[in-house]
Amino acid sequence: MLEALSNAFSGNSWPVAFIIYLVLGWVLVRPKGRIGGQLMSALGWPIEIAQRLSGATGLPYIFLLPNMIIFGLFTFSPLFINIGFSVTEGQSILFENRPYAGLDNARRLLAETQIDTGALNREDDKFLQAVADTFIFVIFQVPIMVFFALCTALALNREIIGRAFWRSVFFYPVMLSPVVVGFLWTLILKRQGVLSITLMNWGIIDEPIQWLTDPSWTMFWSVAVYTWAHLGFYMLILLAGLQAIPKDLYEAARMDGTNEWRMLRRITLPLLMPTLLVVTILSLVKAFQAFEELYALNVRWISLVAYIFETSGLRGQPTANGLGIAATASLLVALVLILLSLLQIYLTSRQSK
Amino acid sequence: MSDLKLDNLHKSYGATKVIHGIDMQIDSGDFCVFVGPSGCGKSTLLRMIAGLESVTSGTVSIEGQPVNHVPAAQRGLAMVFQSYALYPHMSVRQNLSFGLENLHMPKQEVQERINEAARMLQIEELMDRKPGQLSGGQRQRIAIGRAVVREPKIFLFDEPLSNLDAELRVAMRAEISDLHSRLGNTMIYVTHDQVEAMTMADKIAVLRKGLVEQFGRPLDLFNYPANRFVAGFIGSPAMNFADGVIKGASVVLNAGGTIPLPQGRFDTTDGQQVTFGIRASHLSLDENGPIKLSVKTVEQLGTESYVYGQLDDGTDFALHQLGQVDVQQGTVINLAPTLDHSHLFDTDSGLTQRIDTAPT
Amino acid sequence: MSDLKLDNLHKSYGATKVIHGIDMQIDSGDFCVFVGPSGCGKSTLLRMIAGLESVTSGTVSIEGQPVNHVPAAQRGLAMVFQSYALYPHMSVRQNLSFGLENLHMPKQEVQERINEAARMLQIEELMDRKPGQLSGGQRQRIAIGRAVVREPKIFLFDEPLSNLDAELRVAMRAEISDLHSRLGNTMIYVTHDQVEAMTMADKIAVLRKGLVEQFGRPLDLFNYPANRFVAGFIGSPAMNFADGVIKGASVVLNAGGTIPLPQGRFDTTDGQQVTFGIRASHLSLDENGPIKLSVKTVEQLGTESYVYGQLDDGTDFALHQLGQVDVQQGTVINLAPTLDHSHLFDTDSGLTQRIDTAPT
Amino acid sequence: DEVTFLCYQDGNECEVFAGMADAFTAKTGHTVKIDTVGYDVIRDQLENQLQTGSAPDVARVTNLGGLNQYYLDLTPHVDTAYWEENYSATLPWFRQPGGEDAGIYGWMTQLTVTGPYVNVSMFEDAGVDMPGAGATWDDWANALREVKETLGITAGLAMDRTAHRMAGPAFSYGAKFFDDTGTPILVDEGFRKFAETFVGWHKEGLMPAEGWPAGSGTQYKNAAPLFLSGEVAMHMSGSWMINNYAENIKDFDWKVVPAPCGDGGCGAMPGGAGVVAFKSSKSPEAAAMWVDFLAQTENTEAFAAATRNIPAHAGLQASGVDYGDASPVVAASLSVFAANAGEAAKSTPQAYTFQGYNKNHVIYGIVPDYLTKAITGEITLDAALEAIDADVAAKIAE
Amino acid sequence: MSAVWQFLGRRQGHDKLSAVDWIVYIYLFFGFLIIALPVGWIALNSVKSAFQLEKQDLSILPSDFNRVARATVYSDQGREIFIINDLPDWVLNWKDLRPEERAARNVPEFLASYEGRAFYALRSHLGQVPTQVRALIAAQNMPEWLLRYPSMSATARQDVDIEAALAGRSADERRLLGEFLGLAPYEPNRMISQILVTAPHPETGVVQNYAVPKFDPSRPFLAARDATNATSGVIRIPTETATATRTINPSWGNYIEPLSGKAFGVNVNFAACFTNSVLVTLIATLLTLLINSMAAFSLSKYKFRGQTMFFVIILATLMVPPTITLVGVFKAINATGLSGSIWGVIIPGAATPAGVFLLRQYMLTIPDELIEAARMDAASEWKVYWRIILPLALPALAALGILSVIWRWNDLILPMVAIATTKEAYTIQLCLLEFRGEHLSQEHYRLAMTMVSLIPTTLVFVFLQKHITTGVANTGLK
């Protein structure tokens, strides 16, 4: 406990620098009031000083700065570093040891023949397999999840007893980490897990099934578990969307003699459409990134992100050019994801107009 | 014969009693307005009539038939909601046809009804727009249109104008009255704006705390309020009230001043604690007037003027005069009531002491 | 001497010009109201005075000093916002003290000022509540209190009453007037409700599209509107207008009917296209009246009545009478204008043709 | 100076090192700071650390040849004659390929050998006799099949999912792995023959679905849980498992049997973890002294005894080690493994070449990747073998 | 009862449950099962013993079968397999005992009460052979190489004369040494525990006890040995006719041992992992709230050049997870010197685009008038930010705070990249992965620690459930 604390704060200059910063701020601003207030005042001294010196014009940038620095360092620069990796080759992670290779990595990833050995290239098969598998996953996972999220949200939007309880129950898996989700389901789905054994006891199957690795089941369970883990989140968004539909519309429809089914089709669903769209695209983007749960589950197929993860050699054995190939693949995926998210921004902003 | 009868109607939400027993008979073709302060149960009552809210006890009958257990859609009513509740994703045309389609009415007839309603409400050019592209007044018309096409026996309106700005309200008020005179349907209209009530209603029901305080024609309520609550609620600015005691044929106000009572008009006993009521416009400036008012504010609107002040005992009093008056803030003025328009209520029960009633 | 001078003030947002050159001199202690239709630039003008909006060209001077480049906080003004902009997370006391603390005023003095303001506004018992726990009227007082404690030279109000319901508005109106008379500060008050303008102002500035149409005392604007816009804007219901042509000493209305003009009152030429204006309360029912009105709606409010209808050429006209009138919907009635109160405007320019001006 | 030592353990190795570090400090005055981590970290992170210069001074590694470029040559700091005499078999594993490199880079903490564990109780219950010494894989397959039939168990034989475990049997079937010049030629007649057999074993159910087919890609998968839970009668694993099994198996008898043979000999993969010092060390002197200290006969023996491992020290291998309180079963098992190693050195020398090959880790992963697909029927065996060849070629091309 | 139905059925405006309601309740109930059962299963498993888990025993409660000992003894008569009944528990569980527990037992005295083959079996089982051999060699001055003999290479063995060394020893001593040295006909004796079942004999129908290796209901028969008649061989008895009894016995040690750092084969200290995770989560969340709200303030309440650009950039990268740019992230963390300490997880995770977005959307709803009022009140911009904006954005901050706690607590990728090499800095998720060791899988510890890792998020969930559901729902992102 104490050891962990001291480990965290010793051997690193960040905390010290921060305290110096605060003290400096305190000296410069000389805050008054309660201790929390003094702390906040001291924290913002550069902004106070900037405003005193040059008015309010530059302040928005200063407010953005801390976020943008971290953002730039850890979200942007990796993107550029990846571009760097994708155009250089070799096994080293250091740029000085990586000769420029132009589009070679793209060819290693996608060409029919291996450019280094001239033999048939295997990498493109693997990559395309990952692409194909990921697409299959996305195509099944997204509609299934959206459907069940919608059903659950519709159910929870009714006047039922213990609504808060049910809502919590369905949201709970969202709180679990991918490691836990993976472990949890592996326990159930392994060959000698409860599921196989129970089904065998009931006489439904004759011998235990390796649910996660049997090629005919692995995708089913990938979709099922992933949906299990994320459904609650989308359910919640849909529920919010449902609750935003004015109650009097339903009353008007009742006065109009609408039955429940028609109410759902003609009133609820059309009005929920914007939310449904957000949910669909968000889950689409998420499904493309599916990795951690699947990694923890040890499913049979390899998703795109898992492909990148494995090929890059960050975990596992680095291979010749693996870094560059993975970087190239990651840029392709990133491109798709960015396009998807821009699509979402576009569609939602159009909706709000 | 689309009359409506409420019979000892009660409503409770769990332990909260909201409607305490209402009896009412609304004749076919009447424009009936429910008014009352916020929370008095107007909407609840309306929704019980509509069938959107269950009845705790009592009966709602339409054309003599009890409809307590008839679903909303089959009661032959139509309702215009405060927020209009237009389906935002449907065009105006679809909004109008939705209810008819639910009844599996032939296309041809749906079309005809819609066109007729559109013509009547002058919304023909709006038919393909969505509600989001309409102004407040236009939306209101669509909401009415949606009710009209169903050719209901009874129209229900729940504060349909409260979302509009003042100008549009005036115009819409006129349109609804107009519609009523053209269609001749029974209409029940909820509001808490008594200007609306006064100008639109054939009959007004004044509600308070789940009970009907008075039910009658607007000017009757204005001229012959049954009790102090109705007197204060109907008319703007609100009637002035001053407490006093009966001394012979006069009222001696607690704030000073003796006001003689017209003969044979009120049923009083000597020494009775009463509340004297007089409207702001039934007072006039009179140096010998019995009421002394310390002026606090004078509002000159050009064509009319309001003078606000207090009596000696702190009771607020207001004076309303046409034209521009020459009264200064801070001075004390004397006012004389028009005795013919004065009211008298028992202080404890609030009931009017008047003997005569409205002509029928 | 906290007077305010605006000198050829302009404001543009990018290419959009909002204020087109305003000159105005507001004297110390005046209660000045800006009125005008929505979007005419009232708020913009106020915010330029406050320093919340930059000035495109022209000068704002306070006490003779140009303040164009002085930050809002240092101009010595205080502003009461339409929504009050009370800090919802702070108690009333903290709301009042926040500004003073920012100025590093000693605790002692902050306390004194707050207590004084609280006493004056009668909000002493509210000091530890949060704004969310206050009624609309109380919030309004806090908002004013926050301005008061800063002891500003000039108070600015931007539609402070528009969020309140009608009843509270009347009361608050009175309170603000009262406060003005007690503090004696200069106050600038923006509204688009001309009842507020009429009842509160020492001076009214009528704005339209970024320009001042008329600036003067309320009754002067009412009685001597400078042009048709001001005439139509001031007074409720709006003045009736009917187009016509000058024929000798009379106006011949396009809708039919000839109205004689008082001698020496208007400056007209024969054959001039004019607009005749008369307020609804300056018309009377008269079988021989020159104005024929087809009645569309009658509103009986008890103490007063409004009759709305149209002239033959479709021009809307309204009649306002005290008491209850006996007019039926759908009939045609004849009206006579009170000639003394009639107005005449050039149809093209809209300028008044009146010769006499308000007494000063 | 302080030497930082990144250590991983299969049992209690790092704790034993910690004990020895005190003696080292007493002797030389240098201290050793031991950082015990999971095997993942060594396998996946160490190279990145080395590249970014944040590596420790000394580490216990298994990718012996692959990290050669980072090793500190101990030659200047140690008694080379002693090292050459006792560790000549394993020193080349650390060296650069090509045979010119004569540096001394690391000390093998232990010698590991692959070999099968057998569930003796199952054989007894089934009444099947275990094939004796010199039995072939086919003999064993038949025996296991019989056990499986008789007892109704899931499968007969389980194998960890890596080409490292598969290499021994493959050698037995005649796989060469390397041509005469020392370049990998993975798929040859022998390899193909074993691959066919291996896939066949899976198809018929002799090998379990939870084994190789349950993994994906190049992923490693340990088959020990299958053996532990009594699902299979044989586990093709290695000497490192002895302690774990001795400790954790309580409800059946097990023993280690000699590596089964075939046309190509009796193949077993030698291997093990080595302790190496890195060039990037700030105190190379002390780091080298620590490695040398461990390599001394008495320390190596103490380490082997305490961790119950086969020492890589030639002298100790011959003379044997006093394993103290270890149960006779453990000692017997160790000696079977040691015999396997000796046999392999004779009959399948390519095992040592393979172990010393600096990109062997790439091959370890690629083979299961494609063979699994052949087992599950996603691709044909021919296609899989072709793919293995092509992919290995691509991955080791530089 | 009818009151209950009435309660369950009460609804506004309707009198009783409709068919749709029934479907809804059934749906919800199944959903509940699907969510609750796996979590419950983990919880139950987390108190099962390592042994039970290893055996893939799927019984719901932590328990073990009643067991008997089965011994294999080698002698000049060859191999003998027999059952020993009625052994004390500590003997059966000898391997599970800690050294101090073993020392506390008086083994020689216990052995004294046995003789014959049972004695030899127990002597081996209780680890007496090496001890006695050592004592014997020391006492009799026998050559020391005997101790090394079992691991001696074949060639070296040829150089020693084992017969000579054993010459003159008594039969008992020869047997002891033979067991130790593995000299034929002796091999090390063994003793294992087997499950005790009761079943009728398949032919005679006599109900009696058997010892079986595994009680797996899915297998059609059990390979059983008669537990009473020691010499009979294996017979097959149909599984359904056999019954075995269990004793419930939760292993709380699964929790206690790793948390106190005493778990065998676990290289990490779970208490430290927990502390690290708490530190990371708390500090990162505070930092996230601070800098994200600053950025959101700037983006929502000011107008400045490049504003839209900044916003769009933030939004677009919302969708590019670090998973994809992993290598780049690794380089960046290394280059900034953050790797290897918890700061490498805290700082890179602090600038969440989702957080900026969420807060910005919320701040847009705060009236500008409030800010203007504060400016009129002479507040500086920083003061406007923390005295006005921050308190007013509290609901959104709470929602983001909760999300951030979930993200940071559950994060796996960033810790893997940033601190995988520094065990002191491991977060709980990394520690959980530690169990996937090369050769060992400590499933029982892993289960227990998984349950421990759920505690904080579950607490957050239980206490802040309302904020999550409103906050998350209204912003629509994760």
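A, B, C, D and E label the chains in the order they appear, each numbered from 1.
Everything that follows uses one rule, which is that a residue touches a chain if its C-beta (ideal position, glycine included) is under 8 Å from a C-beta of that chain, and two chains touch if they have at least 3 such contacts.
Note that the structure is a prediction, hence the values are computed from the model and not measured.
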Subject >> Any chain that touches subunit C and subunit A >> reply: B, E
Original post:
Any idea which chain sits dead centre by C-alpha averages?
Top reply: A
**OP:** Look at all chain centres (mean of CA atoms) and spot the one farthest from the centre of subunit C.
**Re:** D
Original post:
If you tally the C-beta contacts, which comes out ahead, A-E or C-E?
Top reply: A-E
Original post:
In whole angstrom, what separates the CA-based centres of subunit D and subunit E?
Top reply: 27
Original post:
With chain centres defined as C-alpha means, what is the inter-centre distance between subunit B and subunit E in Å?
Top reply: 71
Subject >> Whole-Å gap between the CA centroids of subunit A and subunit B >> reply: 57
Original post:
By residue number and range, which residues of subunit B touch two or more other chains?
Top reply: 52
Subject >> Set of subunit E residues in contact with two or more other chains >> reply: 12, 56, 330-331, 380, 383, 433
Original post:
So which bits of subunit D are touching at least two other chains?
Top reply: 40, 44-45, 48, 52, 229, 231
Subject >> Parts of subunit A lying in touch with subunit E, wherever the complex brings them together >> reply: 1, 3-5, 7-8, 11-12, 14, 40-41, 43-44, 47-48, 51, 56, 59-61, 63-64, 66-68, 70-71, 73-82, 85, 93, 151-152, 155-156, 158-161, 164, 166-180, 183-185, 187-188, 192-194, 197, 200-201, 208, 228, 233, 236-237, 239-240, 260, 275, 278-279, 282, 285-286, 289, 291-292, 305, 308-309, 312, 314-315, 323, 326-327, 330, 333-334, 337-338, 340-342, 345
Original post:
Okay, in this complex, where on subunit B does subunit C touch?
Top reply: 174, 177-178, 181, 195, 198-199, 218-219, 222-223, 234-237, 279-282, 296-297, 299-304, 308, 320, 322, 324, 329
Subject >> Residues on subunit D engaged by subunit E in the complex (per definition of touch) >> reply: 6, 8-11, 14, 35-41, 44-46, 48-49, 52, 54, 120-122, 124-127, 150-153, 220, 222, 224-225, 228-231, 240-241, 244, 247-253, 310, 317-329, 331-332, 334-335, 338-339, 342
Original post:
Taking the complex as given, what residues does subunit E use to touch subunit D?
Top reply: 50-51, 54-56, 67, 70, 72, 81, 93, 95-96, 124, 127, 129-131, 145, 147-156, 179-182, 187-188, 190, 192-195, 213-214, 219-221, 223, 225, 233-234, 265, 267-268, 330-331, 334, 339-340, 420-423, 433-434, 436-441
**OP:** Could you please specify the touching residues of subunit B with respect to subunit A in the complex?
**Re:** 47, 50-52, 71-74, 77-79, 81-83, 85-90, 98-99, 102-103, 146, 150
